[in-house]
Amino acid sequence: MSRLDVTEKIIATKVAKGLKWADVAAEIGLSKEWVTAGCLGQMTFNDEQAATLAKLFDLTETETQWLKVVPYKGSLPTSVPTDPLIYRFYELVSVYGTTFKELIHEEFGDGIMSAIDFKMDLQREANPAGDRVSIVMSGKFLPYKTY
Amino acid sequence: MSRLDVTEKIIATKVAKGLKWADVAAEIGLSKEWVTAGCLGQMTFNDEQAATLAKLFDLTETETQWLKVVPYKGSLPTSVPTDPLIYRFYELVSVYGTTFKELIHEEFGDGIMSAIDFKMDLQREANPAGDRVSIVMSGKFLPYKTY
Amino acid sequence: MSRLDVTEKIIATKVAKGLKWADVAAEIGLSKEWVTAGCLGQMTFNDEQAATLAKLFDLTETETQWLKVVPYKGSLPTSVPTDPLIYRFYELVSVYGTTFKELIHEEFGDGIMSAIDFKMDLQREANPAGDRVSIVMSGKFLPYKTY
Amino acid sequence: MSRLDVTEKIIATKVAKGLKWADVAAEIGLSKEWVTAGCLGQMTFNDEQAATLAKLFDLTETETQWLKVVPYKGSLPTSVPTDPLIYRFYELVSVYGTTFKELIHEEFGDGIMSAIDFKMDLQREANPAGDRVSIVMSGKFLPYKTY
Amino acid sequence: MSRLDVTEKIIATKVAKGLKWADVAAEIGLSKEWVTAGCLGQMTFNDEQAATLAKLFDLTETETQWLKVVPYKGSLPTSVPTDPLIYRFYELVSVYGTTFKELIHEEFGDGIMSAIDFKMDLQREANPAGDRVSIVMSGKFLPYKTY
Amino acid sequence: MSRLDVTEKIIATKVAKGLKWADVAAEIGLSKEWVTAGCLGQMTFNDEQAATLAKLFDLTETETQWLKVVPYKGSLPTSVPTDPLIYRFYELVSVYGTTFKELIHEEFGDGIMSAIDFKMDLQREANPAGDRVSIVMSGKFLPYKTY
Amino acid sequence: MSRLDVTEKIIATKVAKGLKWADVAAEIGLSKEWVTAGCLGQMTFNDEQAATLAKLFDLTETETQWLKVVPYKGSLPTSVPTDPLIYRFYELVSVYGTTFKELIHEEFGDGIMSAIDFKMDLQREANPAGDRVSIVMSGKFLPYKTY
Amino acid sequence: MSRLDVTEKIIATKVAKGLKWADVAAEIGLSKEWVTAGCLGQMTFNDEQAATLAKLFDLTETETQWLKVVPYKGSLPTSVPTDPLIYRFYELVSVYGTTFKELIHEEFGDGIMSAIDFKMDLQREANPAGDRVSIVMSGKFLPYKTY
Amino acid sequence: MSRLDVTEKIIATKVAKGLKWADVAAEIGLSKEWVTAGCLGQMTFNDEQAATLAKLFDLTETETQWLKVVPYKGSLPTSVPTDPLIYRFYELVSVYGTTFKELIHEEFGDGIMSAIDFKMDLQREANPAGDRVSIVMSGKFLPYKTY
Amino acid sequence: MSRLDVTEKIIATKVAKGLKWADVAAEIGLSKEWVTAGCLGQMTFNDEQAATLAKLFDLTETETQWLKVVPYKGSLPTSVPTDPLIYRFYELVSVYGTTFKELIHEEFGDGIMSAIDFKMDLQREANPAGDRVSIVMSGKFLPYKTY
C-alpha cells in the first residue's frame, strides 16, 4: 500500500458518496485549497485532521496512517499536462513566465516567490459577460543569499 | 529579422537605459503585466502603442512593424523551466494542478478557466514576517459545449 | 476504480455487443462526435445521459457515477501519436499549424479558436475518385484581452 | 541558403509591405490555405506561381528557385506546440484523437483520412454570441491494403 | 480485455504450440507479412480470418471478436527501438531518410509513398558470402493536392 | 568548416544548377541511392568520386577533402521525423517492426539484417490505379555469435 | 506469460538458491558473458541449453519454451541508465564515442564494429593500487557497402 | 572563443593536412586513444603537450591556452547517438548493461568500474573470416563506501 | 519478487509501526544516511545487517535475501524530479553545476569527486532566523588517468 | 548582447589572463562559491561588485550593466548533465534523493531545504588514501504553510 492507493480510495469514495471538497474542508477547518491538495496526495495531515478524513472516507487505520506521512509530491502524469483545464495554467507559465520573472525582480531584486510559504484562494467572480474564476495567490518573497 | 530580434533589442535597450517596466507601462497606459508580456514578445501592440515603444527603445520602423504582428507565443526555452523563479510557478501547477481542476469543476462544472480572456495583477504585500508577492488572476470560465 | 476502468468496460462491452457509436449517440440524443468522446472518457455526462449509457453498457451504479465526474482529459498514450489514423491529424497540425495561425490572426486579430466552445461534424463525402472524410469544425474566436 | 531563409524573407517582407495572405493567394489563383502553407515553407510551387511570389516578395533568382524544391516539412519548433492558438489544435487531436479514430473506422473500416490528398477551407462564421472560426476539412479515405 | 491481451495470448500460444507464421498465413490464405502484422495487433481481420485464427490459437469468442476491431497501431514500446534487429530498420530511416525523400521527389514530384496502400515481401536471398534478407516494398505514390 | 557545410553547398548548388541525382550518380558510376546518400553527408567518397563531385558542385579543395572523411551519420533533425514522406518510413518501422523481427527470426534464427552490408534500389512501378514506389532492399543476415 | 516473466523468475531463483553466473555458465559450457546475457533475456538458447537452465532454475515447460524464442532485446528501463555501474559504460560511450569513431575509421575506413558478431571477456586484473576490471571486446569490422 | 572552436579547428586542420591520429599521438608520446579523445575536446593537456599540438594544428596562443583548460565533457549531440558506429557501442550498453552489472558485482561486490581511472587500447585483430576490432578496457574497481 | 517489492514493504511497515530511520540506523550501527539509502533500495547489506532489518520489518527469508543483492540504483521516477524537496537538490546541480566543476578543477585539476567513495552527514543547524539543514559531503577526488 | 555573452567573455578572459576564481572572489570580498556562480551567469552583482569584475575582465560599460541584471538561471545544456564531474552530483540526487527526503522530513516535518537562502563551502580535505573534496551545504528549512 502507498499514499497513491489512499488518494485513489479518497477520490473513489468521494464519487460514491457524492461529497464536496468544500464540505470536506469545512470539517477539517482549513481552506478548501489546502485540504483538497492534501486529499489529492500533495500535503501532510496531522493526527486530528487524519482522523476526520478517516471518518469521511471510511479509511482503515493503515490508510489513515499514510495521510500523516509526507508524500512524494507532483500530481500530474506528464511534464506537460494534457488535461485542458490544467494545461491553461501551464500555458500561463509558458506565456507569462518571463513576465513574472521581470516584474518580481523589478520589485524585489534577485530571489523567488516561495511555493512552500504559499497560500491561495479560488473564488467565483460574478460577471454579466460570463462568470470568472478568481485566484488570489500569496507567496513569501525569498531573496537570494549572498555569502 | 523576426519578433525575437525586436524582443532582444528591447531587453538590451532596457538594460542599457536603465528603464523600468512599470514606467514603460505608464507610457502605454495599460497594466505593467500586459505591457511587459508584450515587450517580451507575447502580446500584440496597436499602432499607437507601438509608436510609444519605438521611442522608448529606439526601434527602427521595421522593428516597430513587428510589434504589431501577432507573435509565436511561449517565452521559455525548455518545457520544464530551469530558472528557479519561473520553476516555482511550474511547481505550483505540478503540485496544485489537480486541485485547480477539482475546485473549478466543483464550482462551475466541466470547462476551463480561460488563459486568453484573462488578466492579472502582481503586487508587493507588506508583511512583518517578510514581504510577500501577491498575484490576483481572473480568467473567464468557459463551459464545455454539448452538441 | 477510476474513469479509465469505466472507459475500458464501455469499449469492451461495445465490442462484445457489437454496438455502433452512431446508435449510442441516437439513444443519448446528441451528436455522435460528442457522445463518442464522452464514452471514451473525455466528456462529462448528466444524470439522464449516464442512465442511458448504464443500460446500454451494463454499468454498475458506481461505474455510472463516474460518468458524471469531470475526467482528466487527453486520450493518447504518447505526445506524438503512433496510430496512423490519429497521426495524420497530428501531421496536419505540424504542417498546417503556422497556416492556421496566420489565417486566423489575419481575419480576427490576436486570439485563438476555442477548443472548449467547439463542435464538429464528421461525415462521409461520396466521391467517384474514392470517398472522402469530411470534417466541419466550429470554434468560437476568443480575442486576447488587453488590460 | 535554404528554404528556411526564403520563408523568413517572405514573412519579413510581408510584415514590411503590409501584405495579406488572402491577397497573395488571389495573385496565385489558389486557396489562401494552400498558398499560405506554401509561403510558410510547407508546399512546392510551380514556375508560374514562384514567379508571382518572386515579384510580391522581391525574391532573388536563387530564392525563387528554392520555392520549386520540395521542402522538408513540419512547421513547428517543438513536438508539443507552445503557441496557444496552435496548441488548441494539438489539444483537439489529444482530446478527440480516439474519437476521430472510432468514427472513421465505424464508417469506413480500417484505414486513414489522407493528409496528402487533403484540402481545407477556413472562414469566419458570424454569430451574435461571438463570431466563430469555421474549418471544413476534406481528406480522401485510404483503406488499408490486404495482401 | 483489450486487443493487447489477445496479441499476448496469440504469441504465447504460438510459443507453446510451436507454430510458424508462414503456416498461419497459409491457413489464412494471405501473405505472411500481412498476417503476422495482424496477429501482432496491427491489422484488422474479417469474420472468416478471425475464425481461422480462433482455431489455431484457441481463442474465446470475445477474443475472436477483438480481432475484427481496428486496433490502435504502433508495435514498439519506445520511439527509438532498442531491439537490435528493429533498430537497424530505424537506422535505415535515419541514414537514408533524406535520400528516400530526394529520390522519390525527383521521380514523382511533391507527395509521399503510402504506408497504407502498401505491401511487402520478405525473402531469404541465397548468397555464397552469407545469405541475405531481401525485402521488396511497394507503396502507392500519393501526390500533394493543390487547391 | 564541417561536412555539414559541404552538404549544404551541394544541395544549394544542385538547386541553383538544376541538377538531378540520377545524373550525378551516372557521373560517379554508382547507384543513385548510394550517391545521393553520400551527397547528403551519409557516405564516404574516394579520391576519384570526390573529384567528380567537386566539378559538378564547384567545390573548393578543402570542401572536396571533407567528402573523403567518414561523416557523423544520421540525416534527420528529430528522432521522430516531421516530414510526411520520411515519417511514412518511420511509421513502417513502428507498425511492421515486430513483424520484421518475427519473420527474419523465423527464417534465419537470432541475428539481424545488416544496415551496413546493405544495398537498395528505388524505382517507379507503373500501375493503372496510380503509379507506385518500389523499393528493393538487400541486407546480409548476421547471426548472433555464441561464445 | 512473456520472456520477461521468465527472466524475473531466473533472477529470483538465483537469489533464492544463491547460484553464481559463472557456475551457470559452466553448466552450459559457454562463456559467463554470453550465458548471463541470455539468462537476463538478451540471447536465445537452444534445446539442450534451455533444458540445463530449466533444471537449474526450476522452470516449467512453457517457461523453458520461452528461452528458445528470440527475445525483444534491450535490458535497460531508461535510455540514459540511472544505475551508477551501468552509467559508467554509458559515460564511456559519451566521452569516447567520437574517439572510437575516429580510430576505427582511421584503421579500417568507413564501416562499423559489429555488435552481433561480437564477443567479450570480463576478468579481475590484480593490481596493488586496487584491483581493476578488465574487459576485452572483439567485434568484426563491417565495411559500408558501395553499390 | 571556446574549447569547441579549438576542437573544430583541430578537426578541420587534420582534414586539410591529412594528418593521422596515430601520428599525433606519437608526437605527444602517449596512447592514440587518450590523445584523440583530448584533441576531440574530452581531455586536458599540459603545457608541453599543448605546445606540440599548437605546432601540428597551427593553433594561436589563445587556442593553445584552451587546450589546458578542463573541458565540459560529452562528445555526442544526442543522448542516443545516431551515428551507426557509435550506436553499436550504445547498443552494447543497452544489451549487455545488466550483464556487466551482474558479472562485476559477482566478482567484486557492490561498486563500479571507474571511467576516470581508466585506460583502453584499440587494435586491428587479423582474422581470415574478416578482420576484427579489438578493444581492451581497464578500469579500477571502486567499492561503495559503507559509513 | 524483486528488490522494489522489498523496499515497498519496508516503507509500508515503517509507516505502520511508526519507526524512525535514525533508530533503524542505530540498530545497524551505521550512519542514518547510508542505512536509509539502503532501506530505500540503493545499497547492499551484509548478512548481519540484513538479519537485523528482517526483524525490524518482519521480512520473509526471501525478502531478506534480496537485501544482500546489489540493487539496480536510481531512486527517482523521472529524470527531473517533481517532488519539491528533491527538486531543490536538482536545482542546486542545475544552478551550481558549473561552479562545482570550476572550483574542483581549480583546486585538483582534471578529474571528479567520487560518488562511490563518498559519505555524507545531514544535521539540523539551530538558527534564530529559522533552523537550517546542514549537509556535509565528502568524496574522494579521482584524477583522470593519462596513458 | 545578453548575459550569456558576458559570461562567455568572462570565461575567455579568465583563460587568456590565467586568473583564478579564488582570486576573483578575494577581490569581491565574498566566497569563491558565490562569486564563481555569479561569474558563470547564475547570480546578480551590485554596482561595486560589477565595477570590480569590469576591471578584472576588461568589460565594457554595457557588459558591466548586464552583471547587475537578474539572469535566467540554470547552467547546464541538458537536463541530465553529460560532464562526468557534474554528473556525479546528479547521480547523488538520483541515488540519495529519496534519502534526503526521508531524513529531512523525519527531522523537520513537511517542507524543503531552501536552495535560495543557501550557502556552501567547498574545500580540499587532505587524506593519505587520496585527498577528498569536502562540501558543506547549509540551507534554511522552510515548512509547508497550512492555511
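Note that the chains take the letters A, B, C, D, E, F, G, H, I and J in the order they are written out, and that residue 1 is the start of every chain.
Convention: contacts are C-beta pairs under 8 Å (C-beta built on N, C-alpha and C of every residue); 3 or more make two chains touch, one makes a residue touch a chain.
All figures in this text were calculated on a predicted structure; none of them were measured in a lab.
A.B. asks: Which chains, if any, touch subunit C and subunit G both?
C.D. replies: Of all the chains present, those in contact with both subunit C and subunit G are E, F.
A.B. asks: Return the chain pair with more inter-chain C-beta contacts, choosing between B-C and E-G.
C.D. replies: Greater number of contacting C-beta pairs: B-C.
A.B. asks: Have a look at where subunit B meets subunit I and say same if over half of the interface residue numbers show up on both copies, different if under half do.
C.D. replies: Mostly the same residues form this interface, as more than half of the numbers used are common to both chains.
A.B. asks: Report the inter-chain centroid distance for subunit F and subunit G in whole angstrom, where each centroid is the mean of the CA atoms.
C.D. replies: Going by mean C-alpha positions, subunit F sits 31 Å from subunit G.
A.B. asks: How big is the gap, in whole Å, between where the Cα atoms of subunit D centre and where those of subunit I centre?
C.D. replies: That pair's centroid distance is 53 Å.
A.B. asks: Could you please state the distance in Å, as a whole number, between where the Cα atoms of subunit F are centred and where those of subunit H are centred?
C.D. replies: 29
A.B. asks: Return the distance between the CA-based centres of subunit C and subunit D, expressed in whole Å.
C.D. replies: Those two chain centres are 23 Å apart.
A.B. asks: Among the residues of subunit J, which ones contact at least 2 other chains?
C.D. replies: 33, 72-74, 76, 79-80, 82-84, 91, 94-95, 98, 101, 105, 111-112, 114-116, 118, 142
A.B. asks: Going by the contact rule at the top, pick out the subunit D residues touching subunit E in the complex.
C.D. replies: Touch list, subunit D to subunit E: 30-31, 33-34, 43-44, 70, 72, 98, 101, 105, 109-112, 114, 116-119, 142-147.
A.B. asks: Which of the residues in subunit I come into contact with subunit J in the complex?
C.D. replies: Within the complex, subunit I contacts subunit J at residues 20-22, 32-33, 36-37, 40, 42, 73-76, 79-81, 83-86, 88-108, 111-115, 118, 120, 122, 124-125, 127, 129-142.
A.B. asks: Quick one: in the complex, what on subunit G touches subunit I?
C.D. replies: 8, 11-12, 15-16, 78, 80, 82-84
A.B. asks: Going by the contact rule set out above, which residues of subunit C touch subunit F in the complex?
C.D. replies: Contact set of subunit C toward subunit F: 80, 82, 84, 87, 91, 94-95.
A.B. asks: Which of the residues in subunit I end up touching subunit G in this complex?
C.D. replies: 1-2, 62, 65-66, 69, 72-74, 76, 79, 115-116
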